[in-house]
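When the chains are written out, they are named A, B, C, D, E and F in that same order, and each has its own residue count from 1.
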Amino acid sequence: MTKNLPTLSPLLVQDAVRAALIEDLGRAGDVTTEATIPAGAIARASISAREHGVIAGLPLARDAFLAMDVSVAFEARLSDGDAVVAGDCVARINGPARAMLSSERVALNFLGHLSGVASLTAQYVKRVAHTKAKICDTRKTTPGLRVLEKYAVRCGGGANHRFGLDDAVLIKDNHIAVAGGVAAALRAAKAHVGHLTKIEIEVDTIAQLREVLTEGADAVLLDNMSASQLREAVALISGCFPCEASGGVTLETVAEIAETGVDVISVGALTHSARTLDLGLDIEIF
Amino acid sequence: MTKNLPTLSPLLVQDAVRAALIEDLGRAGDVTTEATIPAGAIARASISAREHGVIAGLPLARDAFLAMDVSVAFEARLSDGDAVVAGDCVARINGPARAMLSSERVALNFLGHLSGVASLTAQYVKRVAHTKAKICDTRKTTPGLRVLEKYAVRCGGGANHRFGLDDAVLIKDNHIAVAGGVAAALRAAKAHVGHLTKIEIEVDTIAQLREVLTEGADAVLLDNMSASQLREAVALISGCFPCEASGGVTLETVAEIAETGVDVISVGALTHSARTLDLGLDIEIF
Amino acid sequence: MTKNLPTLSPLLVQDAVRAALIEDLGRAGDVTTEATIPAGAIARASISAREHGVIAGLPLARDAFLAMDVSVAFEARLSDGDAVVAGDCVARINGPARAMLSSERVALNFLGHLSGVASLTAQYVKRVAHTKAKICDTRKTTPGLRVLEKYAVRCGGGANHRFGLDDAVLIKDNHIAVAGGVAAALRAAKAHVGHLTKIEIEVDTIAQLREVLTEGADAVLLDNMSASQLREAVALISGCFPCEASGGVTLETVAEIAETGVDVISVGALTHSARTLDLGLDIEIF
Amino acid sequence: MTKNLPTLSPLLVQDAVRAALIEDLGRAGDVTTEATIPAGAIARASISAREHGVIAGLPLARDAFLAMDVSVAFEARLSDGDAVVAGDCVARINGPARAMLSSERVALNFLGHLSGVASLTAQYVKRVAHTKAKICDTRKTTPGLRVLEKYAVRCGGGANHRFGLDDAVLIKDNHIAVAGGVAAALRAAKAHVGHLTKIEIEVDTIAQLREVLTEGADAVLLDNMSASQLREAVALISGCFPCEASGGVTLETVAEIAETGVDVISVGALTHSARTLDLGLDIEIF
Amino acid sequence: MTKNLPTLSPLLVQDAVRAALIEDLGRAGDVTTEATIPAGAIARASISAREHGVIAGLPLARDAFLAMDVSVAFEARLSDGDAVVAGDCVARINGPARAMLSSERVALNFLGHLSGVASLTAQYVKRVAHTKAKICDTRKTTPGLRVLEKYAVRCGGGANHRFGLDDAVLIKDNHIAVAGGVAAALRAAKAHVGHLTKIEIEVDTIAQLREVLTEGADAVLLDNMSASQLREAVALISGCFPCEASGGVTLETVAEIAETGVDVISVGALTHSARTLDLGLDIEIF
Amino acid sequence: MTKNLPTLSPLLVQDAVRAALIEDLGRAGDVTTEATIPAGAIARASISAREHGVIAGLPLARDAFLAMDVSVAFEARLSDGDAVVAGDCVARINGPARAMLSSERVALNFLGHLSGVASLTAQYVKRVAHTKAKICDTRKTTPGLRVLEKYAVRCGGGANHRFGLDDAVLIKDNHIAVAGGVAAALRAAKAHVGHLTKIEIEVDTIAQLREVLTEGADAVLLDNMSASQLREAVALISGCFPCEASGGVTLETVAEIAETGVDVISVGALTHSARTLDLGLDIEIF
């Protein structure tokens, strides 16, 4: 893979893993393992894919095992962003059996969820590979997991939209309505923000788009437009700024949307409706 | 509704909402709203369903608005666990426009995600309504959201499995292998836990099941068995303890599995692969 | 020792120790040690018992020293659950004198408190050793220390009751009163909980017990019954489910209660009224 | 009562109560109450003493009920520091039955533990009432509860020693040994600390005490001295600075120690070995 | 004032105030006030300016009093961003004397520090009022206070630069060196970030600036250039993108820099070297 | 250096650094470095002084680099409390270039701020070096940084006043007014606090001071007195207890105040108005 993935901060990884382990261990800990596995038992295991997709979340899986016992050896056989088919070995693990069994579910929950996001992203990306369009996420993420899910989108070949309400302006219909129209809203935004904050505005009609072109913006979001409207919009914009299509994007419709020439297609489903990637941990020997 | 739903602890709701708001507001807050919406503006809005399903998460949605401004009035028109069809009004909101717009996404992210879990659960529940089988969740939940997702499963008519590694024993194949067989594992577990902890054991074969029947347990998990194997197992168990089927359960196969007479069917997909329920917030007037 | 003790999660140990050190160090830290002990001084010390009892809490004591300075060597000479008499060496410590002196009180506070719980438990356990009864804790624990205190009960040879309100049903007199009687309460509970949650019910009279036997439960709590009532109850139950005695249990009365044939005797005093075990840290050389 | 008690900071009370409730509610919450008590049920209850002692912790008990449901009315009938005898009503509570039952144990655990500390303190205080000696706590507190336990000591009529390692210097034998003697240690401490930090030093012998008198200190701790040694020490000190006796203080010995004329007697048992005060919550009507 | 100030999130204000109060109250709380002020005493006070400047931080001051006692009435007489001269009344406070005295220092520490930042910013802004240049902050903020200090810069009439490493790209000399030059660095950045992230690049020479103009960027930072270099740069850029001057900016030099025509002047001193604004709280009556 | 500096607790350092890194990295992390610096790049850098002053904060700077990547080698060339002149090398750093660049600002923000406090303190200390007066801080610290700033004051040769409201009594004018005068306030304080808490009282007049001398106190604060008043006060006190001058102390006036014979001069400016010390990190080679 040659993807230039973002680095997950070690502070973030530690906090997320720690919270998930505490959530799973509860107060009394892994009573099953304590009852049935001797304290000194050593095991060797592997995590493997049970279907095809794209891997994301290996630093979290690794950290889940190490947080329970620093003597676990976790050897990733692939990197985040790598494609897998059923049967591929993702990682090999060696160490105390108790720690391994107690961490397994947390490791797989992170890896399955994030790989699910990456894999769905990769499907969208593939459908638009013949165009210049980038597939992009939204703020429709699972509460508490935004940074991790946006990382997974990158692993799947997608791009990131805003990380939150604060790192760019995105003027939507309600803002336009209250501000008194497209031009007024854009002027208010420009007056409000510093020189390193981009301003994007959502438009529903070609008429609104013309106002944006007159007033100027850093990007425009073409919301719920038909393919022919999108094409008209792209022609009008003519490269002045990036244009983003959103609304009703599915794996079936995304190629047609991309072929209109838009720069970015944002897809809420990447993060709010991805199913898990099926991965399993198999103990090989004790 | 006659569902007897669990109460979400106010402490949990506050913490989850607070974390999600901080995640979305980032450092600089909602710069778009600050730039375009006057500080004193008042708005009225409604949250409505855009497809059919089951609602879950209203306490979190309410809290998201109130955490930003205590003067927001949030009136739920339905209760968690209620079914909706497209167009149904879920809640009405009245108050400061800035707070409303800044909280909207967090409120909808919780409501959409949890309603998605409830709705998928309800579909499974409906498929087995002609049997005595209960649909049940697993520990394959989204990291950080286990309690909320298990609550949503209840809203959808499902039942809850263990909340974590500590509140019941579930002896799986690896535990059996190390412990030296079914009987040895069960004996070890009984010796280890107190009188208020149930012990369930996973079996793959009828032979293993016979060992369980001899040794005694509180429940048995029949893993990846065919319908005919399940029927044989149910006959053998003959009501001695609840039996749970798991593995490869889908909306297509669940009815056949339920018809074998098992008591519980556990479905990881309820929490790891539900897509969001499509809900929208529409500002009605400013 | 052949006790199969639960594992204290390293995450829990770290958090508890860290909070206790911060509580003791305050803002300005150990001003006495800074003033009087040179930064490079090395010391060797031992922790020893000054009375007989049972040790619990060594992982916390170790972590207290290491949290202040990772170069401290902490060598436990005994294990949690081991009995001691006055003079026994519990652990030897070697390393920077400043860290050792600054951590000493936190280490001893944990070790003394938890060993106190373990030691009191061991006294109760010894009194009933000629019976089958298990000595069990309650939810009457010191706020913030429940998991640690329940671990100490195990170190003393006792068993654990519920860890909280969520991991089993325990129907008490008030619940019965509102639910409309023993049978109604049991039916409500069975309808409410999943297949891995046990249901225990408290009864004050033989009449109530008969209702429980008719309706079925996972365990029964015989509250404040005399020895003769307990004997009658045990005879009636006849092994259908475990029975627990509680109320007014003291070191003087516990043997008589155990001799009635009850399975479990729960004792609030184990955690709410244990006095500390007297342990001391002696610096041997600087 | 005319005791001038310290104020418990509302921030501290909220944090302590919140943590204790989360500890008890776990993930699934109070499943028994949810199953058996209707959501709208209202109850009236009272907390009463079942033995004599001194009350401490009412703000925590109140907050425990309110944290679960702000509509609970909690009416304290006594104040912290008040004496009770068996049967005395401590507080009356009125409100939603579910919240009341779910908070009961946390409220009683705080109230019982802190009242236990206050009651034991009061016993010591009473034994020395005919002398000028103050009964004082130590740093031998339960981890996580130091501020609350020291508050309870005040409720029982005792005084507070250091709250931690940072708010005063207390030079002990090990510090003296390394620093090179009493005089050297005192000089090092005086050079190190600011003008608002007191310096106390522990001495085991009259010879050491003479050195302290020569060098000067703010207080002296007479450790493990016999009554006759204490008397000699008091005579020597002759009011130059407060003197504190410690070591082997029990309810049996404390009067004799006090009668030697020492100013302060510090007793670790106040906080590390107090048993709970027996208090009960009785539901009166639903 | 017509400044459109950002809203401080109530979550942020609560957390910051709570942490500061805990820092000041320590374990034992305000012992002086407890000893000398009766519990029921009521006081009236006012906060007033003792020198001229610009106010920032009123929401924090208000919250500091309310966090200690919700019955305190805090009436702001001015708004954040308002100018004051010595003697101006900033706020009036009425309520329990104990809470007022215990919160006073925290309230004033926030108000003094943030008003200090606002006041220094206002001085810079005034010096460049005859130009189009905006005065802008940097990431050289006090650890833990970045959002609050950047808010104070806005109160003083300044603009905000990046809030952190993540909300815009700023390519500095070291990045350029490793990336292989200006053009290569810009290309790498464009390939890496999404469509809502701006890219600014720092240049030291006119030659580098020419490369930027060829390659394209969203903004350029002219580092440590003389006034004549800045003028040359501004002429070259000719409005293609905003240009920012930084390095060695003082109250003495800022006007000359602004007169070169740069759009933005960033000043680390605004946040790392502002002195407090002198404000006092005077109790008027008890 | 022979200063006996306090030890910064590793727990405090870790928490402060972690919070500051999270504040700077935000959600998406250091996007610039990710885009332009290869993952494997190694760099060597040094931190050096760009003006003269006193260094404070090296443990925080070190920890900032290590928290991002444990393989960074941080070699301090000086110690906290050491004086520097422009050009002096403070530390050398070697390791992964990405971690180094991402941590740089946090490390410098701590080091610059704390060294600024230390340097300003050192200036005050130098001005009074011919007297016995100690320069002392106040509670006028930056919210969240009190312990670190008070540590920096020590690095600069100053002494520490109270760390908070709880570790000593300081009776001010408002307390005196309500308590009913100097004598009444002192008596109330003595009755309230334990034997290890010092009591200081603020006086504005010689008449008040006479009352203090009659009643007794541990220290007196002479507030806003002229040099001649201070001299009169010092003569009256005649060494009975330490006396502290405060109010209107500047670098210009401090020597004259010190020459009056006061023991301590407290200066709010040390912590609320110090400007940063100019330090830079230069990458030497990649």
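As a convention for this text, a residue touches a chain if its C-beta (ideal position, glycine included) is under 8 Å from a C-beta of that chain, and two chains touch if they have at least 3 such contacts.
Remember, it's a predicted structure, so these values are computed and weren't measured experimentally.
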Touching both chain B and chain F, which chains are there?
A, C, D, E
For chain A and chain D, which third chains touch each of them?
B, C, E, F
Graph separation of chain B and chain C (steps between touching chains)
1
Set C-D beside B-D; more C-beta pairs touch across C-D
Pair in A-D, A-E or B-F that repeats B-C, with over half of contact pairs matching by residue number:
A-E
Look at both sides of the chain D and chain E contact and report whether the same residue positions are involved, with over half shared, or different ones.
different
Starting from the mean Cα coordinates of chain A and chain B, work out the distance between those two points in Å.
22
Between chain D and chain F, what is the gap in Å from one C-alpha centre to the other?
33
Going by the touch rule set out above, which residues of chain D reach two or more other chains?
4, 23, 25-31, 34-35, 146, 160, 163-164, 166-168, 170, 191-192, 197
What is the shape of the graph in which nodes denote protein chains and edges denote touching chain pairs (line, ring, star, complete, other)?
complete
Interfacial residue positions of chain D with respect to chain A in the complex
23, 26-27
In the complex, chain C residues that touch chain B
4, 134, 136, 159-163, 166-168, 170, 191-192, 194-198, 200, 218-219, 242, 244, 263-264
Residues of chain F that touch chain C when the two form their complex:
4, 6-11, 146-147, 150, 160, 163-164, 167
Residue ranges of chain D in contact with chain C within the complex
16, 19-20, 23-38, 41, 43, 97, 101-102, 105-106, 108-110, 112-113, 116, 139-146, 163-172, 174-179, 185, 188-189, 191-193, 197, 268-269, 272-273, 275-276, 283, 286
In the complex, the residues of chain A that touch chain C are 18, 21-22, 25-31, 34-35, 39, 67-69, 98
